[in-house]
Amino acid sequence: MRESGREVNQLRNIDIITNFTKHAEGSVLITVGDTKVICNASVEDRVPPFMRGSGKGWITAEYAMLPRATETRNIRESSKGKVSGRTMEIQRLIGRSLRAVVDLDAIGERTIWIDCDVIQADGGTRTASITGAFVAMVLALGKLVEKDVLKELPIKDYLAAISVGVLPDGTEILDLEYVEDSIAHVDMNVVMTGKGEFVELQGTGEEATFTRNQLMTMLDLADKGLNEIFKIQEDAIQSYKDMLDIS
Amino acid sequence: MRESGREVNQLRNIDIITNFTKHAEGSVLITVGDTKVICNASVEDRVPPFMRGSGKGWITAEYAMLPRATETRNIRESSKGKVSGRTMEIQRLIGRSLRAVVDLDAIGERTIWIDCDVIQADGGTRTASITGAFVAMVLALGKLVEKDVLKELPIKDYLAAISVGVLPDGTEILDLEYVEDSIAHVDMNVVMTGKGEFVELQGTGEEATFTRNQLMTMLDLADKGLNEIFKIQEDAIQSYKDMLDIS
Amino acid sequence: MRESGREVNQLRNIDIITNFTKHAEGSVLITVGDTKVICNASVEDRVPPFMRGSGKGWITAEYAMLPRATETRNIRESSKGKVSGRTMEIQRLIGRSLRAVVDLDAIGERTIWIDCDVIQADGGTRTASITGAFVAMVLALGKLVEKDVLKELPIKDYLAAISVGVLPDGTEILDLEYVEDSIAHVDMNVVMTGKGEFVELQGTGEEATFTRNQLMTMLDLADKGLNEIFKIQEDAIQSYKDMLDIS
Amino acid sequence: MRESGREVNQLRNIDIITNFTKHAEGSVLITVGDTKVICNASVEDRVPPFMRGSGKGWITAEYAMLPRATETRNIRESSKGKVSGRTMEIQRLIGRSLRAVVDLDAIGERTIWIDCDVIQADGGTRTASITGAFVAMVLALGKLVEKDVLKELPIKDYLAAISVGVLPDGTEILDLEYVEDSIAHVDMNVVMTGKGEFVELQGTGEEATFTRNQLMTMLDLADKGLNEIFKIQEDAIQSYKDMLDIS
Amino acid sequence: MRESGREVNQLRNIDIITNFTKHAEGSVLITVGDTKVICNASVEDRVPPFMRGSGKGWITAEYAMLPRATETRNIRESSKGKVSGRTMEIQRLIGRSLRAVVDLDAIGERTIWIDCDVIQADGGTRTASITGAFVAMVLALGKLVEKDVLKELPIKDYLAAISVGVLPDGTEILDLEYVEDSIAHVDMNVVMTGKGEFVELQGTGEEATFTRNQLMTMLDLADKGLNEIFKIQEDAIQSYKDMLDIS
Amino acid sequence: MRESGREVNQLRNIDIITNFTKHAEGSVLITVGDTKVICNASVEDRVPPFMRGSGKGWITAEYAMLPRATETRNIRESSKGKVSGRTMEIQRLIGRSLRAVVDLDAIGERTIWIDCDVIQADGGTRTASITGAFVAMVLALGKLVEKDVLKELPIKDYLAAISVGVLPDGTEILDLEYVEDSIAHVDMNVVMTGKGEFVELQGTGEEATFTRNQLMTMLDLADKGLNEIFKIQEDAIQSYKDMLDIS
């Protein structure tokens, strides 16, 4: 039994509010337990220098935490004048994950900027960011379809992420909250498509190691959790659901 | 008549949600029309080097906008690696304003960090930040009283801010939203205490000038608006209102 | 009576030496008591990216202190690798102030760079900078008229600045020197045109507040001081005085 | 058949030269095909601030490429003034991996600095870095044992890393060189201990996805390759091999 | 004959104004032709970390140009956020030169900060800086003697610098002004003591080379010029001249 | 007699390995005693902005040390986020030196990037860098001749560098290793062409001075050493030696 009373294979409550802010083409507030992330998707009509003339689009992500999203206040990265390694790792992960399910040729020379700003953190901010960012991105691209800029939604499949891990006593668990994350021996983030294929798999032993059996159990947990999350995403993108015809 | 239908001396709807995030000692979401700012107050048990040994406390503020708080996306200041002049100006203003109504000796060698993060912008973000930050700070200091760390709330008076300005046709108006702000010839921010004394007065002609008469009219407008705002603040700090005995 | 023997409404000695350095189009050494600032105006034949194609000109300012302009040595901002918030605030103020009295359309796509370098500081460096910068700018633009690049001096009015404040005993005073500035409860910078209209008004209570009556008294003091300064500026720009026909 | 003539499960030639430079406590040049990395381990008699007083040691890594380690010259990160996200990701990975097999309590308040400098790159620089860094670290810690600073080698197991991936035609391969890496649909780095347990698993679909079956095949390939590498490491640490009694 | 009418072995007019600014312990304005540099010496009662506990003092220098010291405006190094290689080279040269004639043990754990700020440049700013800095340093150390902080002036000899060079026609000249410097094939800076010994010698062929004979001629020119400069320095430090008993 | 047993006018063993890395157009590992530097020359088909349209080429150098090239580990400059003054001085020196012997007009609008990376340091890293960089540059330009991009090798003469110095006992010595460099009173770097003309001469008294006689002795030592080095370079560039017809 987990401290929160959750089963080992039980997700926290997940809620996705769409159109959370008014300016962004796609805007979402995703809540996973006590973790809350604003995911905004912005469309820019050009691509970074290394892609100009390719005819292809690009998706890139930025991630940040409000200084007091956490138990103790963190120094603001703009004040420090540089972005931490952890932040860079996360924003590269979010961007790479989203690009895996989008037809970049179909969006033309446009950049989709994804901004994930954590306003409250309780573990799993990077996976919540990916899950929310997918919805924000669908909303932004859906608008381009409505405006006849794109013919159809250039999205190949659903995409979501969740964490799994191994507690000190060896129990494998799904969706770690902060107190669990801080003691876990193994922490793994799984990014998966609606069809159940992997996009990213990042497993880390924290001064510890894990066996292939433990890996298998964790992947089963992730699979179960992500299938529940895909349903929540499906509800959130409601009006664009039919465009997202994946078969 | 203003585009929004407001009278020249009419505030936008103002709403203050308290305890907006769970970790900060004081947390507020302030909404002024379409401007929304999260104001978090954090208490740290030490002061910056230049104040050590003084026995006095310190209050400092940081301000930022989410990249997509605005009509078009702004580059994140952490990515740029430096904070803009505008941001610095605003955070210095917020900190100075709050320090004017706090008894710094009474809070001892502690720092109150104020984080104002604009999640949606439609003009007046710096004044909304000050107004919201005051409430967040009262909540944080109130908790110190409840925990018997402080004997009484070390706050000398209410504090709020509002903008006033002069439209191209010469009309003085209260509480400029973005479309007004971008065309106004004069833009003035007034920071005032509950007793009606000034803490800060920053009036700027935008490639234009203003007369002393216009100044007087703007100050009258600000006075009217701020008195309405003090009531909203009073409601927001409800449980600590009695501690804030200003007479 | 003030420590220096000055009356409350008495300026320090002000002196403006023109053509102080040889390369700048306009160069001035302004002395206000013991405050000395070199103000150089440079003309560049292009504007910043955000103004290209507008047909309008731009005026921008930079401000710095020599490390030993002050009682104790300050770390050089180039060594620190970043400009302080105070510096940014001041250079934005100088630029904005000058733009208010210049016909930017008339100067065409040119940038006037104003460099204010404080070589000795004794309070009032930002107001001395504005007063001196105005003269340097007139000299630089005057040369463009002499070279037939511009038809006439694109300046709408004189511009100068002065500080006023309130001492701890409640006395309002004009033109604060450092010892007064460091104890004053209120510090206000007034930027005014020759016609007596405000361009900028920045009043700040230093852990203190001020009333509307005090504001009025301070504005009267500023008005008196600035009218004396306009005469000194008029003498300094001697050869261009007739071009600056303001009526 | 691969372009290089290698079998799908065949490693490139791997060579580890020890004592490559004279100053470092542990110094290794590791060659994996055309990839060459200098791995230096330095011992410092203190730990970073966040660990002081813990009695525990720390291991941290830095990674860089010579500008012309690659086909076209890269801008030096010291000239750019900041470290890229890719570099940060890699150095965090190396440090985390090594910490998993070291008894940090046993090394006391010391930091082992690992510097991995790629002098020639042909794919797999991060895995070669980990494999070489392990040997450099053993050499450095071995010296501490010889000097009686440590009683025994505080290392729990061998540690090495290798890449596996999936080519566009679906073939899973071991140890990708650059031409393979640049076209692969899936790229996975596996960090494993001598006992065959995972320390890190980072699998990434490059605008592609992978199934659980493909994951299993890749893990089998990695397992085979890493067991060959452990033998090469065992030879390299020759004199300390007996100290590294893992049973 | 040189464009300026000077002989090949003729210095420009050199003038040293002492006590140029009021706060610095030693302050000098040195004028060499049209080159003008403010040299301020500040005394700080501690040394940099690498010298703490050594009982010795330290001398360090910073050098900067006002943006418009030159024909066209340079970007301010504080705005660029970094100091150029040229600036670093010069400030290291100034510091090293001064340290050669000071008894660092005698000044105790104090740092003498030398700030050389070029307000107008016409060639030879680094040599003028050294020559002026020596005087400023003597004034600052002299004050410490007057205050009985030091027993005697801890200076071993006079120190000055001058440039020599070779024009495209092969003529060796003394004290290059900007128009000469920009065409010279060889540029050499000579830093010498009153006794005629070298402290620094930096000769550079600008896409050209020089022979040993040319070197000898240039050293003779430098020797002549520097002996004239020592006399000017002697006059400048008047009241401390007797302290500087060099025999 | 020197600690190493060398004569005062004896070089350390010098070895130049060509084609050390595979990607660079010219690649050299130079060994001078225990000092080892990788010198890579890269050809880029464009010049920096300030030279565009000039038809001329450019040569620029970057220099770095591996963190553990030295006795104690240095902080990596990319981690510090800025390049030290020492590094800048050295890379400017290398670039300037090489440009003196190259016909920049003949190479057309191309940049030759020279990267000198010190992998092991024992004194004389800057002079070894110049000597090695010359060979790497010849190899790179030689390839352009072989590919018929250039008609002939645009090199005017051999170029090499060596250090000379004065020990505390007054002995002048050639080619200082680290233990000598750290105690020497005078340290001079001499950059010379095959014809025996100077390109750079940088002599520095370390809290000491030197006479003209000492200078002469040091130049004689340098001359002797450099003539030996030119022979080693000649061997290293073997296949291009005939192209480098200097008469």
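Every chain is named by a letter (A, B, C, D, E and F) in the order it is written, and numbering of its residues begins at 1.
Rule of thumb we're sticking to: contacts are C-beta pairs under 8 Å (C-beta built on N, C-alpha and C of every residue); 3 or more make two chains touch, one makes a residue touch a chain.
Everything quoted here is computed from the prediction, not taken from an experiment.
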| item | value |
| --- | --- |
| Any chain that touches chain F and chain C | E |
| If a chain touches chain B and chain C alike, it appears here | none |
| Taking each chain's C-alpha mean as its centre, the one farthest from chain A | E |
| Chain B and chain E, separation of their C-alpha mean positions in angstrom | 51 |
| Centroid spacing, where centroids are CA-atom means, of chain B and chain F in whole angstrom | 60 |
| Junction residues of chain C - those touching two or more other chains | 81-82 |
| Running round the ring (origin chain A, first step to chain B), the chains in order | A, B, C, E, F, D |
| Partner chain B, residues of chain A touching it in the complex | 21-24, 27, 34, 36, 38, 40, 42, 44, 62, 64, 66-71, 73, 76-83, 87, 113, 115, 117, 119-121 |
| Residues of chain A defined as touching chain D within the complex | 82, 84-86, 88-89, 91-92, 96, 99-100, 104, 188, 193, 195-212, 215, 219 |
